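Chain nomenclature is as follows: A, B, C, D, E and F, assigned in order of appearance, with residue numbering initiated at 1 for each chain independently.
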Amino acid sequence: MPVVTIKVTREGTTPDRQSVTAEEKAALIKGVSELLLEVLHKPLDSTHVIIEEVDTENWGWGGLPALEYRKQRSQ
Amino acid sequence: MPVVTIKVTREGTTPDRQSVTAEEKAALIKGVSELLLEVLHKPLDSTHVIIEEVDTENWGWGGLPALEYRKQRSQ
Amino acid sequence: MPVVTIKVTREGTTPDRQSVTAEEKAALIKGVSELLLEVLHKPLDSTHVIIEEVDTENWGWGGLPALEYRKQRSQ
Amino acid sequence: MPVVTIKVTREGTTPDRQSVTAEEKAALIKGVSELLLEVLHKPLDSTHVIIEEVDTENWGWGGLPALEYRKQRSQ
Amino acid sequence: MPVVTIKVTREGTTPDRQSVTAEEKAALIKGVSELLLEVLHKPLDSTHVIIEEVDTENWGWGGLPALEYRKQRSQ
Amino acid sequence: MPVVTIKVTREGTTPDRQSVTAEEKAALIKGVSELLLEVLHKPLDSTHVIIEEVDTENWGWGGLPALEYRKQRSQ
């Protein structure tokens, strides 16, 4: 019965993408479900995975909106 | 002061709908708030209910995106 | 596949209790699951309900810890 | 490593706005991160803040959708 | 900057244990962090994983407290 | 109606403490509620703050339980 929530910023893994792709989401779901089966013996069909994409201006880190903080860090 | 969060997939209850309707949301809010009044004696105006609709590709079950898992199950 | 989280303060409904009883928890679980069946046609066995009890000093309301705020309000 | 989640209704602070502005979000992120530094000595770069805007019809209060409840209250 | 929350019932994987062990928790943390590195290229040190153990009487499934539902199902 | 959740590890701010103190919790509640009043004009009595303390072995960072990761980082 595990419930796993994955919060990530809404961004693509390559410059031409604006968000996580359906394939990447499916890989996250598969990977997390198999991990819970392996480590805690939870049957696949008892695990729920919820992916929440958060706009970058809604995610703060280092006291700043995430993109500004990353820019500052990389300088 | 209860805070209730209801996460559901963004789907309609009939084939012509793409999401939960405003009427259905109001019924969930009313039902949950009355339940907390009845069971735990929480005044209606102290209960907050937050409904989060999750795109079906962002919800995993059985190691798969939810729609794929349902299709597999119904076979 | 709904996932419902109910956050309440860890308190009893009568003066001699320190927390929500097992019977009250079962009533919340039953009530929420039946509501989702009724309103959104979600099968009972697809709904998960998680009750989180929060110590009163960890719950803030009105800018104060919840018990202090209630005391202030009732004066 | 604190993780702070701020859930608010998707509304503007002035009648001409439909949602929280980027400036207001940045002010929330800054304020919360500095508070955790001041009170718990958490370094700014270890705090994550996630702002979740919730459509008003998805937020219930007083047993009603939030806008209806506010209207009723103000009468 | 992903934040992953894993909610599971507070139970052991063998009859002599009452809860998830520190080793199992470490395996979940490692597995989830590596998955996010692999699928979304998130650096290990940007991922936070929070494991929340929930008492079995606080987890509802099938309209019943989880242990009762499991008993009913296995009959 | 904002709901703010603050997740922190269960640790003291001085070596002789095992957890966040009641005074620190009250300061967090006050600070967050005033911030929402200032930035979004939310009345103090409409804001709820929930502080969740998480055991250090249940918090992962950098692919490791948090205390191990911190030790590694400080070397």
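Going forward, a contact is a pair of C-beta atoms (placed from the backbone, for glycine too) under 8 Å apart; a residue touches a chain by one contact, two chains touch by 3 or more.
The structure presented is a predicted model; accordingly, all values stated were derived computationally and were not measured.
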Distance between chain centroids, defined by C-alpha means - subunit B, subunit C (Å): 16
For subunit D paired with subunit E, centre-to-centre distance based on mean C-alpha positions, whole Å: 28
Inter-chain centre distance, subunit E versus subunit F - centres from mean C-alpha coordinates, in Å: 21
Contacts with 2+ other chains: residues of subunit F: 1, 3, 7, 28, 32, 48, 50, 59, 61
Chain contact graph, described as a line, ring, star, complete graph or other shape: other
Pairs of chains, among all present, that meet the touch criterion: A-B, A-C, A-D, A-E, B-C, B-D, B-F, C-E, C-F, D-E, D-F, E-F
Contact set on subunit A toward subunit C in their complex: 1, 3, 48, 50
Subunit E residues touching subunit C - in the complex, by the definition given at the top: 7, 54, 57-65, 69
Contact set on subunit D toward subunit A in their complex: 22, 25-26, 28-30, 32-34, 44-45, 47-53
Subunit E partner contacts - residues on subunit A that touch it in the complex: 1-9, 13, 20, 24, 27-28, 31-32, 35-36, 38-42, 59, 61, 66
